[in-house]
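The structure appears below as structure tokens.
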Amino acid sequence: MSEPSSPPLLELERLSCHFPIRGLLGRRAGTLRAVDDVSLSLREGEALGIVGESGSGKSTLGKTLGGIHDPTDGVIRLAGEPIATQRSRRPLSVRARLQYVYQDSGASLDQRWTLRRSLHEPLVIHTDWSREHREAKVREIAGAVGLAEEHLDLYPHELSGGQQRRAGLARILVLGPQIVVFDEPTSGLDFSVQATVLALIRGIRRMFNLTYLMISHDLNVVGSMCDRLAVMYLGRIVEIGPTREVLGRPRHPYTRSLVDSLPRIGGPRVTDRLGMPGEPVFPADMHQGCGYRTRCPIGTLACTRIDPRLVIKEAHGVACLEWRP
Amino acid sequence: MTKLIKSIIGHRTALAGLLLLVLVTAIAIAAPLIAPHPDAAESFHIDRRLMPPSSEAILGTDRMGSDIFSRVILGARMTLLITAAVVCSGVIIGVPIGLIAGYFNTGLSIALMGVAEVLLAVPQIILAIAITQSLGPSIGSVILALSITYWPFWARLVYAETRSICNEIFVESAIALGASSWRVIFLHILPNIASSIVVRTTVAVGTTMFASATLGFLGLGPPPPSPEWGRMIAESREYLPEAWWYAAAPGLALFVTVLGFSLFGDGLRDILDPKTRRSG
Amino acid sequence: MTALLEIRDLCLAFRTDKGPAQVLDGVDLTVAPGEIVGLVGESGSGKTSLARAILGALPVPQAEIASGRIRLDGVDMLRGGKAAESLRGRVVTFVPQDPLDSFNPLFRVGTQLADIMRYRAPPAKEGRFGNARHARETAILEMLDAVQLPQSRALLDRYPHQLSGGQRQRVMLAMALLPQPRMIIADEPTAALDVTVQVQILGLLRRIAAERGVAILFTTHDLGAAWEICDRIIVMYAGQIAEILPRTAFFAKSRHPYTRMLLASLPEPGREAIGISGESASPLSPPPGCRFHPRCPMASDICRKARPLPSRSEDGHLVACHHPWAAASSPAHV
Amino acid sequence: MNAYSVVANRLVWFLPTLLGLLAVVFVLARIVPSDPAVLAAGENASAEQVQETRDRLGFDRPLLEQFVEYLREVARGDLGTSVYTQQPIIRDLAERLPATLELTFVGVLAAALIGVPLGVLSALHRNSWLDHMLRLASVLLIGVAPFWIAMQLQMLFSMQLGWLPLSGRIDDVAPEAVTSLITIDALLAGDLQLFLSALRHLVLPALTLALPGGAVVMRFTRTAVLDAVTSPSVAYQTAMGLPRRVIVWKYILRSALTSTVTQLGLVFGISITGAVVIEAVFEWPGLGTYAARSILHSDYNAVMGVTLCAGIVFAISNLLVDLLQMVIDPRGVK
């Protein structure tokens, strides 16, 4: 596969985000490698999904991109330009172009503010527009996410869960971002509401020509919403590739077990086959070798010593010693 | 706001407290007008010493022959004045320190909160005693001493509330959006913690009153003959049990005032803080 | 076939500040011995209240059972007094949604297991030394083995927060099994778990039900989980039963528009899920007639006026709808 | 963070707190009075004497230097000499601290004995007339100034009924000091008469502490029990049919007491503060009367000594509460 000529819109190079584990007297007793040496890139208009179980570091990755955590190491580039690493230094223009949407985007609304005031706020911070100008933009975006005029004068607690998420989304969209990071956009929602939220995201993707990164524990959600998927385990990307490839022909044993664990309505019971044994270990406890070896059905002695690197062949990367194309 | 007033009226405890407070405040404000013998409150009348309650002096007279009723209602002014001054300075010093220390959470805030923690580590009344003693007994020194000892309460409360609200998503997202620090502090954090500050302040008023009365009781309050409840109670000890009315009046006045604030504070907490509502 | 659990015309309301909330309205259902029944519904459908009503764990001052009855193993659970009391935790046990909250954090796991064993389980066979305590511990260890918890003895000395999510749910399962119940009520037991762990717990539940002949009433909002383990699926909407179908009919032969739309809401790679527009019916002011009619594309006048009566076909498939899909037509999204 | 690191953290924080405390006391002693030398030399000192005192005590040297010197003195156990008792202050404090501790301990113990059972009772019979009465009583008790309670108790039980002594700690000669807690020393000496006398002296001051303290403990206990009653783990145990008595007296009580213990530490701190003024009323020969007398005689060093001493006791009690909290809550200090 040939590299696209223009630089990718978003590029992560060996990004790490570690947290100290404080022990005796506040001394550093260990390191939680929440995100560890992650590299990936996104072309304009692309949708990349990141899946993994709790503790895989997918959410930390999203927050690091959104400028909520500072990376410990590595570079984030937006359209070829490195973004300053410390959050206090991230310039406003970058904040406007790259935005992060919280798991419960409604929770980003101040409970004591009306929706209108919350939607104005990004514009107040980022622009010197007149009140009327801002109001016009706010109404346009509110309409685009399916919020009615009269909703603007309500407080968040007066809205339903689905409407709150729409409002949170609108708050992000008023600034016209190029890239949006969606962190678990559907968790905690009923299926019927979840589907409408996903439809909304699909709609705004078309409307605003968005590039997005979607983080979720639900393979079905990212599978239906993204062009490419990255699978994370213990802070690392263990597999990355086109959605169809990753889900249809998973290469990493972890991806395979994730895919195999999905119930298939109308198909045979997956519990009839044996599920994956064990649960993820704590990301700080791993010292050597492949992080997945404790649960891996095909692990060998080499896996306890060698930490597999992500090897990309034909746009499909996998980090496993045992995988042979 | 109207909603708040409605819920206060609908809440029996809060309403009872509020009524008591209104009563005490009204008496304090109108004290010189209501007091039957305002002029006799601070002077010596040897012929009228230690008279039991009668139609002439409805709560009796004290060892100086002053009308106790007049002294008690004039004392309400003194107590409310001291308390208001202490609580205001506590809020004015403590709230900004707590906000800044909580929001920035740097070396400076560790230093600020360290000072607060040290002051909290000394039993308040003993520290206040030490300060008033070095300043000499006067209203000013009581206010100063109690202000120095009590601001850390607000600082610690606001610090803790700010720390926890900084972890809330709406604050985090406002920061990620690029909102300036003052914007986050004054438009997002402060309005959201205001209700706990109010509740805590109402409760703290009672504590402050006790403290100022205690200083008076120990002879460290405003010097005689100013009418101060704590000192009046202390004076009465020599004349117990015969002159039982002597201690009763200022004691009850203090009790009613503190009760008003603690009832009102309890009610406000129920209304404003839904976390504790179910246990009410 | 005699039913183990039989619920007839159950109506339940909660007193709230804004007036009574009708949480359950005329619910009829039965569970046969050894059967796994899934109670599927979205939030506000009343499935959790139904589970709690059977267990007698409704919040006492607010809950008001207007009519109906719950019979478990022949005992009236609502008015049964002592007899019903003794059934709870013996004949019917419970697996909660959030195992961490359901443990008391201050007691060791072993203590909490031992108390269930001591007060709810049938007397264990006397140990070698005739020591009841010893016999109980043996029974507990055997049960922990049965739920596939290795090194179970060390586990007894741990506190709940020291276990992983999957381990906690397995211990909960062991606690539900210790009294040797005939029925387990599992309230969204896998909602808080990762998919790989969820699949293990679901598999375990099913195996246990089959091996021990325990009936399971399994509430979930996750259609996939219901598909995995249930023999029969009950779809609830806004406190009413919309459809009861055998597992085999769930996917291909569902007849209620709500069930079909739910299935069409599932995200799936390569397909755009269709949601259900509108808000779920409020229990404070449920719509008249069929409660689903404001969101139903097939709604007609009669749906707005009359509550649809359930109609049952010979294979036990029951649907409460004025305009059900024909039995043979394929699901909307295929 | 594990338990040991929490302990270590607390211990390490203890030192800066102590240092800060010393700094506060130092600042008060050296900066607030307009001329500490005048104060130290005494009221009738001549100008030369004042100057001599200033040179001797080094009041003209830089503050930091003076502070370091002061720290050295304190480290040697030298807090200066009391103008009034003409004794080293550290000795005065050593003589009086046990009396205050004895009073406070007994007061807090009584507060716990009154407050905990009533709190549990009040919570278990929530919204009954008993609950309302108890809550009203607690609000009233918290609203009364402690020194006023003290006086009323004196008036009733000593002056009018004559049942209990008006003031002091003992009638006769104190027993040989072993622990310096007279009640215990009397028991150690086998002198029952003396013990009873000491106890009779303790009743009123301890009760004065225990009444508002007990009210506070009762409120906390009530809230804690109610929190425990409505917790999901109790809902689970109820659904599992665990006997009510086991749930209440084993699980709920333990959960509630865990938070009550923390509050007891708080009450202890408040009581030490309260003891200062109560001792003055009862002429209890502890830190409080010492402080009051020192104030009366403008005995500056003595007041600072009391402040320091009380601060240290307070800090130690906070430390102990944290440690205790950690021992009884397996999740550790939050």
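Per-chain numbering from 1; labels A, B, C and D assigned in written order.
To be clear about the criterion, a contact is a pair of C-beta atoms (placed from the backbone, for glycine too) under 8 Å apart; a residue touches a chain by one contact, two chains touch by 3 or more.
Just so you know, these numbers come straight off a predicted model, no measurement behind them.
Separation of chain B from chain C in touch steps, taking the shortest path, is 2. Ranking B-D and C-D by contacting C-beta pairs places B-D first.
Centre-to-centre separation between chain A and chain B, using Cα means, comes to 51 Å. Averaged C-alpha coordinates give centres for chain B and chain D that are 22 Å from one another. The multi-chain contact residues of chain C, meaning those touching 2 or more other chains, do not exist; every residue touches at most one other chain.
Residue numbers of chain D whose C-beta contacts span two or more other chains: none are found. Of all residues in chain B, none touches two or more other chains. Chain A contributes residues 66-68, 87, 90, 92, 95-96, 100, 102, 104, 107-112, 121-122, 125-126 to its touches with chain B in the complex. Those residues of chain B lying in contact with chain A across their complex are 168-170, 172-180, 183, 188, 191-192. Partner chain A is touched in their complex by these residues of chain C: 42-43, 164-167, 194-200, 202-203, 206, 221, 223-225, 227-229, 250-252, 261-277, 279-280.
Residues 53-54, 160, 162, 186, 190-199, 202, 217-221, 223-225, 243-244, 247, 257-258, 261-266, 269-272, 274-277, 279-280 of chain A are the ones touching chain C in the complex. Those residues of chain D that touch chain B in the shared complex are 16-17, 20-21, 23-25, 28-29, 32-33, 139-140, 142-148, 151-152, 154-155, 159-160, 222-223, 226-227, 230, 269, 272-273, 276-277, 280-281, 291-292, 295-296, 298, 300, 303-304, 306-307, 310-311, 314-315, 318.
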